[in-house]
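Shared chain: chain A. Partners: chain B in the first complex, chain C in the second.
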Partner chain A sequence: METAWIDGKPASPEDALRAAGELLDAGRLPLVTGLRTDVVGLRAAFSLARQVGAVIDHGESASLYPFIAAMRDGGAFLASPAEMRRRADRVLIVGDAVGECDVALLKMLAATAPDLGVRTRGAGRRLMTLGSRAISLPGNAEVTHLDCASDAITDVVGMVRARLAGRRAGEGALSDAAIATVATFLSEAGFAAVVFAPTEFGELGAEQIFGLVRDLNETTRASTLPVLGHSDAMGAALLATWTSGFPLRVSYGRGPAEHDASLHASDRQLSGEGEADVVVFVDALAGAVSQVPVFATPAILIAADPAAPDAARVVFKVAAAGRDHDGVLYNARFGSFVAKPAETTSELPTAAAILDALADQQAGRGAEAA
Partner chain B sequence: MLTRLKGGHVVDPANGRDAAGDVFVEDGVVVEAPQAGREADETIDCTGLIVMAGAIDIHSHIAGGHVNTARLLLPEWHRAFSSRPGETALSRVGWTTEETGLRYAEMGFTTVVEPAMAPSSALHAHLELADTPIIDKATLVVLGNDDLLMSMIREGESAGAIADYVAWTVSASRALGVKCINAGGSAAFKENVRQFGFDDVVPDYGVSSRQIVKSLQTAVRDLGIPHPLHVHCNNLGVPGASSDSIAATIKAAEGDPLHLAHIQFYGYGTEGKRRFSSRGRELAELVNATSEITVDIGQVMFGQTVTISSDELRQFAGSKQASPKKSIIFDHEANGGGVVPMDYKRKSFYNALQWAIGLELFLLIEDPSRVFFTTDHPNGAPFTTYPDIFALLMDRGVRAKWLDALPKSVVKMTSLPEIEREYTLAEIATMTRAAPAKLLGTPDRGHLGAGAVADVAIYRPGEDKAAMFGKAAYVLKDGDLVVRDGTVVKHRYGRALTLRPEADKAMKTRLDRYFDDRYGLSSRWFEVPDGALGREDPFKVVPCRA
Partner chain C sequence: MTGLTFRKRGEPEERLDLSPLVPARLAGLSEREVAALPVGTSRMGLTVGDVFEVVGGDPSSICFAGGSTRFDRIGEAMQAGGIIVEGDAGARLGRAMAGGRISVEGSVQGHAGSGMSGGVIRIGGDAGERLGGPLAGEMSGMKGGTIVVSGSAGPRAGDRMRRGVISISGNAGADVGSRMIAGTIVVAGTAAGTPGRLMKRGTLFLCTGAETLAPTFLDNGPADLLILTVMARDFAAGEVGPVAFEGMAMRRLGGDTAVLGLGEIFLPC
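So, the complex of A and B:
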């Protein structure tokens, strides 16, 4: 079985490693990205990035940053889906994207009822959708829909906050009566859960929604369930944070970890407009839809299912974490990491093994050069 | 290889040593002096140096979901974020897992306990600990606001059934003990309760904080878990109510061991025009009089830090004082929690009195084997402030200088200026080595007797105690020389110390069903499998008492 290619031609893993090392040596600033792998693979990717002075970011970090930026600028109330399943008597679904990103979460909330809490248990669960289209949900839950264009929602949430605080608000996309309906729905909750996809509203919108929930907690209980779309990106951000201090978008180009959410974003660097001149792209996760880009610079692809032998200058075929080998993955429903056993056996190396071999090889070359 | 640590002043209270002598190390453990004729393969000249066992920190928030959230919330504090790293707030804090291990090792600490691991965050916590170099680690798993425990108490289930549930949780999460944080308080906060005391009742469950603490204390004792139930009392930080809560909890120990965490935050009275006063002396007397109680302090030091706690109710209340003004409050299963940045100011009456109360407690609690050295990192201060605290405890001249810099109104409200006690090296070694090992049930460390793991900290003594404890001259971890002149010279990974109590199989079946039916979660997700951490031999199992 062929497991490595150089310029589209089959090669031994040793030759491919050597070729990959030469690409890294020739570059001034490598980019390690994709990062669709398990915790051990992420750890190895960070070791390699440190070793070769690379920028490192997840390929889908753009799906996280409206959430991360809003949270670290202004704070947040955050809930776990499992607790809200048992606790929330009112659920406000804000925007259209949640229905696309995580309809399973909405179905779970619609199909269950609160069973904890004197204030919440017994009366069932009421849901309200605030968006441009109603969402069809199973179960007996009562669902109210308020029609509102997605791009007007940030302002509408501001109007709800004004209403709750007893302040006047100007005219907006919803009538006073509709604003009052949302405000009452939330303020009369025993425990309200606000579900939204931060990418739909950007940092400012996410901050507005976090602010609404903070206001609600002055008198009652409420929290948020931000839906992020790519759970493996969240796992990568968490590991990046304990490893480097920062949630991805980090450069080791000058030695210590340096964070810049714009400069070191993978989409900017992959576009060819960034400073990176060689790419290591990891795409080796069970269940994730492969989104390997067409590379604008020389690239090393470490993938479970490479689209073609010439998808990059050097290609390694590896096992998929959680499918071909055991792996620890972030699970959004659990809100933390879980151990996922392999579904099958595989002779292929793991992404971590290739990344470690590459890092060891480069460390050896560095020592020889010294 | 036989290594001889030659001629140092060996301070090893567990073995009654406090004099010049040698320590021999072979194959990672301390050994007896060799027979005449056998020479050491390597000798480290310790003449004029102080030789102690590696230090043990029993309560320091270094890993897990809440700690990582604090890193996420405060990027501006990272060394690399600023163009002037030396002036960045908290620039000395071990903020990544890597720095945490290195900074602890440089001070001669070789074992650190993460004291607040949520069952749902166990794998996350262990992943971070597995990436923390040099030191050995351990965790305490948090129970006491969880639906199942409170339901079991409400339904009158047997002590055995509760113990089975505790055993499963400890074993699945790979913990070394059990922590109880504001028992019932987080659950009550989810019901919009804003103040919760020891005899208040959690709505919907009808069980009090007292009942929860007593149930867990009994389970821990019956399971033979060596470390007593580790309690974070109710009403932390609330003047008057805090000292009432801790006094009630101490009385409720009723002869069985109980460890009370960061008690400085409970030494607050309501006297004076600011309605904030020290009850340090009264609390110290109560601890002195109750032999089954052990405590750690949670010393406050001045400067920017961040509070990280699974006491969701307290963190919500504290979020009003957040500095900078941002915080994160978690509504997770069971405890939840919060992350609130805090800037303790020397010129603040309240913060300065908190600092003084911590020192009063350190100095007025007589038995150094019952009071433990903590800042509740990072809640009272980052662990990197430890050297200054050692100096404050060992030198009343240093205390006098610090007191001179405080507002005069504070000095009037504390007994600290009258306290003459200075900790001796033997007392420091008791408090940070011998006693923690005994408290955690880890007899393989905390001393330099034959058979102990060769975790050794060697200091260069001097008038400046902060300098002495800030940078160890040498540190050995499992016999490896890992620190020289305050700098890590060898990178390696330690292990996590865990218990593996056996739970009844019926409890496992019950929990499979419970997590699936109630939360839609797999009970397997709460487990930390051996192979998950990607490190060789990541755990060391500590036996429960028979």
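So, the complex of A and C:
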């Protein structure tokens, strides 16, 4: 079975590693991205980035950054779905994207009732949706829908905050009565959960919603359940934070980790606007839809299912984490990392093995050069 | 005595960190020592001498003869003196500067004047995103000083601004004055997005109007206030220069009531 290609032609893994090393040597600023792999693969990717002085970022970090930026700038009350399932007596579902991203979460919340906490145990659960379309949910939960265009929701949440604080607001997308309904729904909760997809509202919109929940905690209990489109990007951001001190978008060009949310973003670097002149792209995750771009610069592709042998200058076919080999992956429902056993056996190397081999090879070359 | 000149040898292949090239850090260094200062941001280890021809002179007055959008962090933490850029500049121009003057003939990229507390920045072309704004995780943006932009500004100009003045002769990108804490922003053109989103205090003059206004800004009606005349005269006599709202009939809106609600936006009547 062929597992490596150079310029679209089959090659031995050793020759492919050598060719990949030559590409990295020739580059001024490598980019290590994609990062669709498990914890071991992510660690190996960061080791390689440090070794070769690369910029490193997840390929889908743009979908995560409205959440990260709002959280680190203003703070956030965050809860796991399992905790909200047992505690929340009121659930406010904000926007349209949640219904598209995580219907299972909504069904779970609709089908269960709180059984923890003095204020909420046995109280039953009421749900309210604020968006442009109602969501059909199973179970006996009481669901109220308020119709509101997605792009007006940040304003509407601001109006709710103003009402809760006793300040006035002008005319918006919802009537005063509707704003009062939302404010009462939340302020009378024993424990309110606000479910939303930060990407739908951007950084300021997400900060507005986090601010609403912060305001609610002055008088009652509340938390948010942000729904993220790419849970592997969240895993990568957590690992990046405990490894480098920053949530992705890091450069090791000068040695120490340097963070810049704009300059070191993978989409900027991959678009050709950036400074990266060689790319290492990792796409080796079970169940993830492949998003490998057309590369504008020489590239090394480490993929479980490479689209074509000439998808990059050097291509490695590897095992998919959580499918072909055991992996530890971020699980949004659990709110942390979870071990996922392999579904099948595979002779293919892991992405981590290829990344480690590349890092070792480059370290050896560096020692020889010295 | 003429100033110290850094003449660009060619377009750099990587971003450069030019934060060492400020008057206080160059004082007392020989040309050779200046040429050996590291400015590269990749493993190539570029120094000043690789990128610039250094023509000696008084380091309190610095000139970059030829600019680039990859010239980052010019004038960072500058406390006194002057810097002129004959061309464009990259990101974080005048970041955290406390005094002195920076003048750029061309356009600059994001975070110009980020967290500055004093001094003057003049930008002949356009400014990128988050003019005067904080870097990720910082609690406040611009804390003092003056920024004058002859062209337009990118999104989120004046984000989390605490003190000082920003004047934009062209248009403002989305959400100018977002999360403002205090300070003054004057926009002669139009303001895109939702100006003043989450602002607590501070003043926005939007002299050609705004694309949208959040319902958490309340119209207080026409504001024929003496202070506007005084401010316009003071700006005209100072670093900012003549402002578009001088003599203009304005109305005042207060907000953002989603947060504290003590900010104000002035619009033409």
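Simple rule for what comes next: the second predicted complex is superposed on the first by the 370 of 370 C-alpha atoms of A that agree within 3 Å, B and C clash if a C-alpha of one lies under 4 Å from a C-alpha of the other, contacts with A are read in each partner's own complex, and residues count from 1 in each chain.
FYI, contacts are C-beta pairs under 8 Å (C-beta built on N, C-alpha and C of every residue); 3 or more make two chains touch, one makes a residue touch a chain.
A quick note: this is a predicted structure, and the numbers were derived from the prediction, not measured.
Undergrad: Looking at A:Leu238, would you say it contacts chain B, chain C, both, or neither? Reply first, second, both or neither.
TA: first
Undergrad: State whether A:Ala134 touches chain B only (first), chain C only (second), both chains, or neither.
TA: In the superposed model, A:Ala134 contacts neither chain B nor chain C.
Undergrad: Check whether A:Arg72 is in contact with chain B, with chain C, with both or with neither, and answer first, second, both or neither.
TA: Touch partners of A:Arg72: chain B and chain C.
Undergrad: Is A:Met159 touching anything from chain B or chain C once the two structures are fitted on A? First, second, both or neither.
TA: Only chain C; A:Met159 stays clear of chain B.
Undergrad: Check whether A:Ala149 is in contact with chain B, with chain C, with both or with neither, and answer first, second, both or neither.
TA: In the superposition, A:Ala149 touches no partner, neither chain B nor chain C.
Undergrad: Touching A:Glu207 in the superposition: chain B (first), chain C (second), both, neither?
TA: Second partner only, chain C.
Undergrad: Touch test for A:Ser262: chain B only (first), chain C only (second), both, or neither?
TA: second
Undergrad: Which partner does A:Ala308 reach: the first (chain B), the second (chain C), both, or neither?
TA: Neither chain B nor chain C is touched by A:Ala308.
Undergrad: Comparing chain C with chain B, which touches more residues belonging to chain A?
TA: Looking at chain B versus chain C, the one contacting more residues of chain A is B.
Undergrad: Let me check the overlay on chain A: which residues of chain A are in contact with chain B and also with chain C?
TA: 72-73, 258-259
Undergrad: Spell out the part of chain A that touches chain C in their complex, as residue ranges.
TA: The contact residues of chain A facing chain C are 28-29, 52-53, 69, 72-73, 154-155, 157-159, 161-162, 165, 167-173, 204, 207-208, 211, 251, 253-254, 258-263, 275.
Undergrad: Enumerate the contact residues on chain A facing chain B in the complex.
TA: On the chain A side, the touching residues are 39-40, 43, 68, 71-80, 82-87, 108, 112, 115-119, 121, 190-191, 217, 220-221, 223, 238-239, 241-247, 256-259, 326, 328, 331, 333-339, 352.
Undergrad: Touching residues of chain B toward chain A in the complex: what are they?
TA: 63, 65, 67-68, 71-75, 78-81, 95-98, 120-121, 123-124, 127-128, 131, 147, 189-192, 203-204, 316, 319, 322, 325-333, 336, 518-522, 524-525, 527-529, 531-532, 534
Undergrad: For the complex, which residues does chain C have touching chain A?
TA: Touching chain A: residues 13-15, 40-44, 70, 91, 110-111, 129, 136-137, 175, 178-179, 194, 197-198, 214-219, 256-259, 261 of chain C.
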